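What follows are several structures.
Okay, so chain A shows up in both of these, paired with chain B first and chain C after.
Up next is the complex of A and B:
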């Protein structure tokens, strides 16, 4: 050997010594397989941080398990054990890596591209079909239930609405029904209301505002039916009182209205629906009529106020307050027109109201009627009934304002106003007041006439309708009893015209226009003819005006002269020669004596107005022949015959037949 | 609408409403029939459906007729409120006259009793 030492290093993997024992034995680690070596290399990457995050428990478990396995296998001394361990470790390592890769993919929000479903087995297919069919059936069932339920509720709603709209249509036949669309949208109501204002009349002369009562809302009541609610005592009515004269008429004081029956009767059973629906509609009609009338009354009062404040003929305004107007008409009376709340269902109000009317009438002393001493048999007529005049007031205004306006508005030419137009076209209130004054006056005239006629035999009083509110007319006629007619007359009685000819001269007509009296009568002697000594020309119709004080005596003179006229005619027919004077009939007797039948009129006489005297004179002119009514004393030459009826007079006349020579 | 046909046209419209209710009932019963677990009975369904169609056709015709016959809407041309007041006044007059006649009758009876 040479003296050089060479050392060569082996490039092959060197087995590293794992352990060196005491006896010098070298222990080398076991040979690793190729995969193992790779795995070891991978293992060297530190995934601890990620793995711990993902599967910390798994790692602990596996570590624990591997530790256990490690301890277990070290005792087994199986030569493949280490390989198995390594493989397990590798498997675990790979699963960790796969999880890690999955997590990385998930963090990148990579979705699964597709999934292929496995083909359905037939039973799965059928069960799916069954489920869908069952759900469809369920839907059908629900739908069926829904339809039936809506049918039922629709039926109920129809029934309810049928009642409501049925009532509404019946109302619509008579009243104007309108609808507020906006109100309908806002509230639950349908927004119907009744309009009581007639706006077809007032286009240019819009003097009337619709009152607060004109629109009445239609509501549903508790049962869903139609109801109309009015506030209490909202309706007013005209009240008319005449003060200052005793009212003889007790026909219904003004302001009494018929109470509408059972407005608040809610005790009706719901079973009788049809009947109660009718009744309900009827009640509503009554209510609406009431309101309509109240509106008209308010309008009339308004017009009255307006006219009263304008000075015009016949209207004398005596006092004015709110809703109250007082006018003085002639004849010592005054009238108050007021607007009071109408008592709908308040009986006590009506009663107390009546009392106040009477107390206002009682302290009236100025009874201007003719006082005819003590005769109380014929009725003393005070004023006519206030109710009549209340109605007349309404009518007069209605006709001349509303009807005229309506006819003008309709521009039809067939406007007929049934009653007369007032004398002054715009002075309706004046006409009314004058009518009232006339009526009071004519009642006085009538009482005078009645008193006269009552105390005079064979005189009849007939009233004639004049169809004018300011004119009245009566006729006093002397009716000749049938006995005389049949006995004395030679003219056949069969013809009515002939009868009339006999009877017609005996009428006296009294006509009162406003407050002037006119008397017309036939048979009173022509004064001029009298002076000329030709008393025959007496059958002319005379007419003259007089006043109330002179009326009785004028009428009585007229009647008495008619009787004398008749007697004269009868005497001539019978054949007695007689002369007539104004109120006497003179017969000439055989001896030249002149016997007179004299009529004496005295309206104050309680037993009779016309009394008869018989005077005998011997041809000597006596003063009192010209004044036959002055002497009351019976003397030899005058004899009081009494209050004779026509038969007695006629028989007296016939007695003269025997006495007279011709 | 004139007064003679008002009630009958109202009745027609009410009948239309009843038909609609009936139509809904039919639909409900058809649905119930379809939901029958043993399958719908064909004749029943057919009859219901024919009735349904018939009712709908009737409704349509009635409504068409009613709409055509409804007159033009001229609101409240013939308002009768003024004659109504005239009538009210006449009613009051009659009541007054009747009361006066009753009084006269009582007077006559009074005379009759006295005599």
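Up next is the complex of A and C:
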């Protein structure tokens, strides 16, 4: 159908002039009411085209009329006002039409044949298409952005996880990592933790309480990286003190272990992540090592406690408190072992192996205090190295309890048997205390020996390391000077013998076991032989026990008798007739006089321990040696020779060669 | 995830000897994992296919907007499928690292050997140091006692 529905925008319904009277009065049409207007509008609907062909002239006429009248009304103040009102009227017309259609339809009289949209022009169609395409493109672009974003975040998540698991795997190479399923479900933390508990110890009879440090949770820190957080002051370590006077050596405070970093520092730049990852793992290793050590210390302390409370040899419990134990080890010293929390703050020394060495070895001080010739005997001699003993305590417990437990658990024949099993397998603490006591005692013995040797010429002190914690040994040997040996070879020997048997230096061995001293020596006087008046028959080696107080005098007597023995042999070699007594050598002169060379030993003598006297007997044997006090007063029969060295003695001997008749 | 628990339990049971139950559990777990993988990959592929198919521009704009909503939804599903795949992968990694008992045991043995060797070396070194110290001590003592410090008798 070619009849178009046209809407004509009519001129404004301003008051149109209806008529103009002669007297110039303008008559306007009466205002119509709203309904009237509607009715008029309805009436205006021209159904003529449906009935007959529309008259194009009529149309044009009305269009022209409306155009004309439209221009007349163009002089309005607001140019759009007319448009707006026309649109409103058009809207009303449309609503009228629709109502009409509905009414008609409702009456079933007329049905709407159809409504068609005017056919779109091609450019409109294309523009619609363009808009849709653009919208779709925009949609896809948004999707693309979304995908990129999620890809990036997923990659970051992967990288983070890779770092976390990389660190975890590296930790796993050294530590036992386990997982709590329930904790994982609850906290979303994956529930990993490091288990530092040692299962092998549960097999042994002792029941260890599992330390609170045994499980350490692994967490993410703020950057998503692996972190291990320890509560502060939770680690304890052993503190070992030998109590008594304070000494100068304050070992152990030097930061032997680095400060363990409890909380990881997440303020590192992302660019240094790789390097910091390594550092982080290393720090965590250190932290865990600290915790492991703390657990070990706790267990050692536990063992020490248990053993201390059982009465056993060598262990004397002097005091006990929570985390503190004091044992007295004899020798006037006592040891305190305590568990102290190791400080994890950033102090100069993070590790708290604070060991102050204090010892009250009074007896040794009296010997040490003797200052000779400007030589200041260091007080350190009396003090055992505290760090060494701390390490030894740990080592001995580790070896005999932990390693044994492990070996038992593994039931392997490969056992690390130490070179010195304790005397009593279950008395480790006793062994340790006795070792400590022995060390203090042997230091005293050593100072005594050194003192003696210092003041005695031609005597050498040789130490023999025994590699046993409760045994020490030294040798005092009389070394014959080279000059005498050479000289001796030039003197014609009366005794046959192609090669002069160079006597090995006389030796005296001092062995200290725990706190008992044993002296063994060559050429020591045979007491029985003395009583029989035949001092020549000396047994080759004699040994006897003594204590520290008697040690100097016994050693000096030994040395002096060895010297006398040697002089005697030399005299016989040279051809002098001489008789040997305990500490004297008697020569018979031409006139029948007996000249004695007597050795006098005095450990307290500051100038020398062995002094030599010359006594002349007129045939009357005087038991000079029985006189307790040999005063320095020289008399006719007694002459003080001094503190002679071996070559002087030898030359003295040779002087006698001229005097003696043989 | 509980499947990990099953895996660990299965792994622990396997330590005693591969029992039938452990083997069945392991097979079941493997099947489940494969199923998950398939689901996720299928998701990804389907959704992406739909996205591509919907690229056509339709005339009524309402269909376009409908399609755009659907596209967003498909995209979200894709991302979620990818995420769950990644989770699966990390789970597998965890299981491999922490339940691979054969490799763990080997590693532990190796470390033990290393440490034992280290301990022996250290002990040997300590013994050597001790011997050297003893030898030096002997030498020094003999030198000291035969030196002029000593031969000049203290007066």
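In this text, the second predicted complex is superposed on the first by the 406 of 662 C-alpha atoms of A that agree within 3 Å, B and C clash if a C-alpha of one lies under 4 Å from a C-alpha of the other, contacts with A are read in each partner's own complex, and residues count from 1 in each chain.
We take it that a residue touches a chain if its C-beta (ideal position, glycine included) is under 8 Å from a C-beta of that chain, and two chains touch if they have at least 3 such contacts.
None of these values were measured; they are calculated from a predicted model.
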item: Which superposed partner A:196 touches (first chain B, second chain C, both, neither); value: first
item: First, second, both or neither for A:293, with chain B first and chain C second; value: first
item: Which of chain B and chain C A:143 touches, first, second, both or neither; value: both
item: Touched partner set for A:169, first chain B, second chain C, both or neither; value: both
item: Touching partner for A:181 - first (chain B), second (chain C), both, neither; value: second
item: First, second, both or neither for A:643, with chain B first and chain C second; value: second
item: Touching partner for A:479 - first (chain B), second (chain C), both, neither; value: second
item: Contacts of A:158 with chain B and chain C, given as first, second, both or neither; value: both
item: Partner chain in contact with A:457 - chain B first, chain C second, else both or neither; value: second
item: Common interface residues of chain A - those touching chain B in one complex and chain C in the other; value: 140, 143, 146-147, 150, 154, 158, 169, 173
item: Interface residues, chain A side, partner chain C - complex; value: 128-129, 131-133, 135-136, 139-140, 142-143, 146-147, 150, 154, 157-158, 161, 165, 168-169, 172-174, 177, 179, 181, 190, 372-373, 416, 453-455, 457, 459-463, 465, 467, 479, 607-608, 643, 645
item: Touching residues on chain A, where the partner in the complex is chain B; value: 137-138, 140-141, 143-148, 150-151, 154-155, 158, 162, 166, 169, 173, 176, 196, 198, 200-201, 251-252, 289, 292-293, 296, 385, 387-388, 391, 394-395, 398, 402-403, 406
item: Partner chain A, residues of chain B touching it in the complex; value: 3, 6, 10, 14, 17-18, 20-22, 24-25, 27-32, 34-35, 37, 76, 79, 81-82, 84-86, 88-89, 92-93, 96, 99-100, 103
item: Contacting residues of chain C [partner chain A, same complex]; value: 2, 4-5, 8, 51, 55, 57-59, 61, 64-65, 67-68, 71-72, 75, 78-79, 82-83, 86, 90, 93-94, 97-98, 104, 107, 111, 119, 130, 133-134, 137-138, 141-142, 145-146, 150-151, 153-155
